[in-house]
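The data blocks that follow each hold one structure.
What follows is a pair of complexes built around chain A, which joins chain B in one and chain C in the other.
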Partner chain A sequence: MKKIIKSQYFKITLLAVVILGAVSMGFILKDKYHDNTRHGAVRTSSDAFDRPEIPGLPAPDDLTKDVPVFGNWKNFTTKDGLPSDKCFCVRIDGDKVYVGTHDGLAVYENGKWRTYTTKDGLSHNGVVSVDVNEITGDVWIGTLGGLTKWSGGKFEVFNQFNSGMPNDLVYMVICDGRDVWCATGGGAGHYDTFTKEWEIFTEANAPMHEPWTYGVSAGDGKVFIAAWGGGVIEYNTKTKKFRDYTDPDGFMEIDLQPDDGVVHDITTATSWADGILWVSTYFGMSRYDGKYWKGYFDHDSGLASNFINFLRAEGPVAYVCSDNGLSSTNGTNWVTYKKNDNDANGVAIVTTGGVKKEIPLSPSIAHNFIIGVDAEDDVLWVATSKGVSRGEKIKY
Partner chain B sequence: MKKILLAAGVIAIISIVVFIPGKRWARAHVNYKTATDDHPLKCTDCHAYISKSPLISRLVNRDYFSPVNVTVSGDGKLLFVTAQDADELIVADSEKGEIIKKISVGNKPYGVIIDKAGKKAYVSNQWSDNVSVIDLDNLKVTDTLATGNGPAGMSFSSDEKHLYVVNSYSSDLTVIDLEEGVEKKRLSTGSNPTNIQLSPDGNELYVTARRAAIVPYGEPMATELTVINDNSKRIKTYLSVESAYLMENVAFTPSGDLALVTLIRPKNLIPTLQVERGWMMNHGFGVIEQKGDGRIIQLLIDEPQAYYSDPFDIVITPDGRRAFISSSGVNLITVIDIDSVRQLISESTPEMLSLWSNHLGVSSRYVVKRIPTGANPKGLALSPDGKLLYVAEHLEDRIGVISTESLEMVNTINLGKSHRVTVLRHGRKLLNNAGRTFQNQYSCYTCHPDEHEDGLVYNMASKDMGRNVTNTQSLRDIGDTPPFKWNGKNQTVYKQDGMRFSTVLTRTEQFPYKDLDAITAYIMRGISYPPNLLYNPDGKLTEAQKRGKKIFERTTDNFGNIITENNRCVTCHPAPYYTNLLPADVSTLAASDDSILFDTPHLNNIYASPPYLHDGRANTLEEIWTLYGKDDRHGLAGDMTKIDLNDLVEYLKSLRGPAYEINESKIQRASIRK
Partner chain C sequence: MKLQIRYTVVQFVIILVSLTGINAQEKAQNYGNIPNELVAYDKYMKAYKYHFIEPIEFYGAGREKKAPTDLKEVRIGFLGPLEGSILMNLGNQMLQGSILAIEEANARGGYKGIPYKLMVHNDFGLWGAAANEIVKMDDEKVWAWLGTIDDINSHVAIRATLKMEIPNVNTGDPDPTFTETNIPWVVRTIPDDRQSSYALVNRIFVKDGHKRVAMIRANNRYGRVGTLHFNRTATRLGFPVVIEERFSDGETDFTAQLERVKKSNPDAIAMWGNAKESALILKQIRAMGLKQPVYASDRVVSKDFLNIAGSLAEGVVTTCQYNPEADDPKLKKFKANYIKRFDMEPDVFAAHAYDGMNLIIQSVQRAGLNRALIRDVLTDMKISNGYKGVTGELVYDGTWNNIRPIFMAEVNNGKFEFYPAPKWEKEDIIYKKPAPRSTGEGYR
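What follows is the complex of A and B.
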């Protein structure tokens, strides 16, 4: 017996048992709080999510007063003038809407689309991010081949050769006052439009796992970088100090301890609004109010899918782009939009106070693979892999 | 007696022994320095006027005002003059011609505007990065508003709640909320903007630019006129003015149908021998139609065999009939009949208009007169009734007063300093005057505005056509950086500006030696770099710049290997000029270049001199290494991360003029004087 116990195989087996046990405990613990029902099932009032109270979260409400429902969808494709149906991003700027596509930048104005490509001065036709400086009106365009500033009809290209840009793969660009931030394949970049100075943040000078960054957002003097494998990097623009938010359990496939931090280290986007940080990953979503983290998954919330490409928060609501539909939430109530597989119709699944209700939509959003979203006033624009969709706020 | 004779004999012999070889040595010395054998042997011609001794400099030099811009009060009784070299705003009585007050403002004041109520004046201080606010009741500075880098032209918004300030060095526009006194936003403009004007309807503002957008040599150039929407205070559009640059100032007709902008049309893509054919530099104005498609038409003020170089300011009379352009390189005011311009445009086809943009014969249709002025006329202002034109005679230290009816100079107002023209001042006048170029086609200023460089690449045609194209170099603080030219073939400024200069560039008689001595003295000692307030305002490096300095001075690479001495940045670019004055091969020789070494360039204020490398192939400092330094022969860079390169570039941008490096604390404070 002693011989068996001392054997290497026994030790390995014992270690495996311990790990599996711990993992199982995690599921058991999770199951204490979470419903196991997967998305797609029609719920009734008895399906209410029985979740513990998280301080600061909005209370469940019978009315989704904070989470509007959008309908009257109108979808735009190449037939309507888009350069490509593969739409990567969308940004509303007053009467204009910018849509980044696989084949250039499309601008919607006065009911018409106009396309801009490298022939016009764009650094690359793969436009994956657009932001507008609210002060100057300048449009900053992140592409798969550099960053472009569009001002007064003039395109100015920044790339890794002619400037201090970290890398030409620009996944996200945002404007924050005089500053421009971009998330690139070679680190996060900061450009001061006054001094024309670039700063680069990578694993060499910031608490990142590697230089690859997917998203960036800013607010209240802080910048939040979604770093591949490194969770969220928070940069204080006044103190010039970093702190990082990583998945405390460190597991890649599961969230062992719920609500203990960001749900996963492979983050895809961050968004800051109303003092709340929202973080998307390919394995779920997180909400952080500065004190408490809250995790969301497709099996325990109204989230359409755990595979989240992007999110954007506007006021109290986060709009979440996934590979299986669009979700919106204030942290408690949810509205998720899904298109039927076989026709142009779909549903808006409203989850309020644990009660689910489906609202038929005809037509629905253009496709369930969603990469970009923007909301302003009573209008929502969604970038999908089969065109871009525009929805209007509806009463139901 | 014998002793006296003996002593005299000894003295005579010694004198002969000393004098003859001494004179020979002096002759050889002067011959070497001037590259001639007949320059007068007068030691003071050089040594007094290029001396760096403060005592000698004080003895041989004088202070001047150098008025650059002038404006008139609403009632026409007062003139406000920015005196660039005195750091003062001069207030003068326009009727009596008397100076009322000299108000100390910031460093190098440039523009001045008065609010409609006549209560406040705003003065942009180009070397202080701020605007002085002056209470006109007691003529005192009451506030200072921070701006971007190199504030120059200004305009109020149509409601006078905002002040637009053109930042000439950082190429942007500061928008200041005058109630709060703070900058609200900064908008990008064309390169090196200088002036801004609000359209008569108050809807738009036009911002001029001097430098062209950087394009590869061989491609046609264009310079951007920035149009701002006054309501949104955002950029509406950039108007591309083709084949033109140095758009110093702009003016609208009172009816608002046209905007006129001064400009120069350089022919930098053809060899400089075209000077003799009247095809190197043309001077004129752009006409931007405000209706229809907003056509931009370019017309010359030059004539066959006579050029009117370096148009600076432009003003239009209240009745909209005449425009006055200060032709600063020929000491003249060019008078334009605007109705004739309208007539010419209306009867011309697009093809004809294109032809007129290069046509020397058409100016007789609309140029009414050329009015002589004092040296280097710059800023212009009209009296409220339009009857008098005031001219800031920049290097004459006076204001010229011209009757717009008789088109004659009727008065001058002296600003009150020394009337003695020093050698340096004479040299400065020569540099800013086209009189020594074939048919007055251009002055040194034309390619070296503000004694800097124009950002263009030229084929100087000294040997072969289309070969050895070179990027214009700055003239600032180059006195101690011999040799000169990219190939270092000119050992002195005397040689650079002597016979060679007249053969290759001015294509006419060379400077008389008295003038050559003066212009050499001015170039060697009279030109300073502006303070580097954008990247190094107080001499304290940022963290990135400190890291970059370490890279600049490093002796080992990122892997701990020793970098050979001749491949370290600091070896060839040591302070204070950041050049070791030696020739080098950094693997940048182009196929069209002769097989030569290049004179190591100085790096002071290098941020302000794009494009880079001898032929301007690198648009930015980064491109020197990312695109053109891949073989690690222009300093070892292959081991650097992008962060390292950014740090190095930030350090390079922080480099200031040599005076700041040599006499750091004293000069630095002066440069940011409030």
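What follows is the complex of A and C.
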């Protein structure tokens, strides 16, 4: 054996094998590290995609559409009086704040929490969505088991058995003037609080494949339904006509062009403000100004994660609830909040004109899994899977 | 000298072969077993973003929750069509497979001495109702649930399971889009219609050489989504389906559809629907004098189909998600126990439910009574991926969808015979490439 190893032929063979091996591994590594298009998750910057500039986006230094930074966070959990740490939604109503949790509705007023459950008249303890009617002050509460109107201290329950509700699982409820809209597991429902009549929108009378609605928002005479698997359904309340927005490529496993429409058909929320429609999905986010779509992903923007549970726009800024942090954007600049894994602190990552700056936060938001958000004036409330957080606008 | 040259050659070959092996293992695989030739738009441009390459993480809270200490039973949810549905035969098989797994687990001592209890919920088939059943399961405090078959109801249910964060194992819904929802609480153990479509298209157009195929399908989501990849794949091969006819569940007279099929002059006919309607269509195809070979979706692998179609079923080719006749001691034992317990043969839904429920039980045993930790085990690529059940191995893709190789099924002498679906070999593809352009360019 030693003789063979020492032989000239063995050395030549070994050299040939090493060279072949190196060449072979070169191919493997090339395939592994450079062909990250189909086999990898995203294109790299060196593999640039021909993505034209979208007109109409705010300039990075446009102070009129600035993205505020929130700090001085205060976090609330069951230790502070919440019925559950799992918070699904939050809605600000003047001096009151409504927080929907897995185990009841929590109301924050004068620095104290009070809980309401089925014992008080709620249709179900799992409170998923809350909105307040600006005309009447009534509070509409979407739960895992029906819709509840809270008016004059009394709770009134709407469900499939006593009303024209499409389904008892209410993922989202909104008030739009005299109208109440809800997105449910069995279609979108519209309730006229004046006539007390219900309308149901499903695949039978709207451009949906299936009646799987998950979110709804309204503004400027239009209603935008996030139809899970069906993109966005726009309903014009004056003309009573629909139009739908879907991902034009028609494939679930890709986004062919990021700016050709909504980035994916599985939409989770819509929000309309300042003439801009914002759409969230579990695959990224879209912005639509009525003429141009723009898609945002975590690899090409300040977005915390592509898996987005919910979003809400206030003025020029959209607040985006992802599974790994809270982001806010005006379409150009970003502020993303992330809590540290091992302590209560975190950072606000400010991205302006492509330049990133980190602002330390102590404490930070309660948890990075964000489910709900609401902003009013200089205050931001955030519902997370481990409590609810209140932040104040800060200078940086 | 000659001896040394021989040694050299032998050494060279041995080392080269081992290097080839390394290369083979490193071969990249597309999401969902999509053949390279069928990657969406790939002949024209690369997509900006490819989803489902890697499984997504669950970043939410919940793993820190302590297990309750006062439980008298460990509840596992079940959702399936048991009453008031055309799928109730399949649903009852699914329930029985689940019951058998639960009973065996309890005979082994349950979870640390606490018995498992199946919380059974009927999948009414009304849109939206499935979501309400999941809410009830949350109220019942189930640790995980199994179900369902109907793809509409499955979709509705998993949205609810995401909201309430309850792990779900699906063992009966073949809708390819089911796991494409990107929900980190859902896994599927039964191979989907994407795999069936590739196998059928490969057989019909590539192996059997047909060029004009007529499709007659159920006018529901099962038919629409099930044929989606079949039609797309056939078109990409250069053989778009010549006509697509539809029928309703429960329909018995298909004359109008088949007259149109006849006029389209197909050289083969494909059916995508439930066993009963497919058998009736087959009978009426032959009654009209149409002699074309008939292919079908995997729902025909049932006694109902063979009983109704009789001798006309001979030669019908379909797919099956596993090999029910495999010479596997585990499968044989399951079949014997199932027949002893329920006095009937298990079908594909019973076998997959048995595996799915055992997967849940294994995850609970390993993770303890915590939904997030059970989810972690169910979706763990090192633990659950590769799980060997009576239906075969679990091979997850990036959406926790089982993409293990499936089987062809062909009726011969009154019974289905099963054999592995041939692999989609690139050299077998009859790909109609366009003639080179004047510039000399072809594709790419």
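Here is the rule we go by: the second predicted complex is superposed on the first by the 340 of 396 C-alpha atoms of A that agree within 3 Å, B and C clash if a C-alpha of one lies under 4 Å from a C-alpha of the other, contacts with A are read in each partner's own complex, and residues count from 1 in each chain.
Note that a contact is a pair of C-beta atoms (placed from the backbone, for glycine too) under 8 Å apart; a residue touches a chain by one contact, two chains touch by 3 or more.
In this text the structure is predicted, and so the values were computed from the model without any measurement.
Please determine whether it is chain B or chain C that touches the greater number of chain A residues.
After superposition, C is the partner touching more of chain A.
According to the stated criteria, A:Ala59 is in contact with first (chain B), second (chain C), both, or neither; which is it?
So A:Ala59 meets neither chain B nor chain C here.
For A:Asp138 in the superposed arrangement: first (chain B), second (chain C), both or neither?
first
Examine A:Gly152 and indicate which partner it touches, taking first as chain B and second as chain C; both and neither are also allowed.
A:Gly152 contacts chain B only, not chain C.
Just checking: does A:Pro166 make contact with chain B only, chain C only, both, or neither of them? Give me first, second, both or neither.
Both partners, chain B and chain C.
Check whether A:Thr193 is in contact with chain B, with chain C, with both or with neither, and answer first, second, both or neither.
The first partner, chain B, only.
Quick check on the output: what are the common chain A residues between the chain B footprint and the chain C footprint?
166-167, 186-187, 202
Using the touch definition from the top, list the residues of chain B that touch chain A in their complex.
Per the touch definition, chain B meets chain A at residues 148, 170, 172, 184-188, 224, 226-227, 232, 234-238, 534-535, 544, 619-620, 622-623, 626-627, 641-643, 645-646, 649-650.
Across the complex, what residues on chain C touch chain A?
Those residues of chain C that touch chain A are 4-5, 7-8, 11-12, 15-16, 19, 22-23, 26, 28-32, 34, 39-42, 45-54, 56-62, 126-132, 135, 138, 152, 155-156, 159-160, 163-164, 176-177, 180-183, 221.
Along chain A, where are the residues that touch chain B in the complex?
135-138, 149, 151-154, 156, 160-164, 166-167, 178, 186-187, 193-200, 202, 204-205
Could you please specify the touching residues of chain A with respect to chain C in the complex?
Answer in residue numbers: 4, 7, 9-10, 12-13, 16-17, 20-21, 24, 27-28, 31-32, 35, 37-43, 49, 51, 85-86, 88, 102, 124, 126, 128, 144-145, 166-169, 171, 184-187, 202, 210-212, 214, 228-229, 249, 251-258, 263-264, 266, 282-284, 295, 297, 305, 307, 323-324, 367-369, 384-386.
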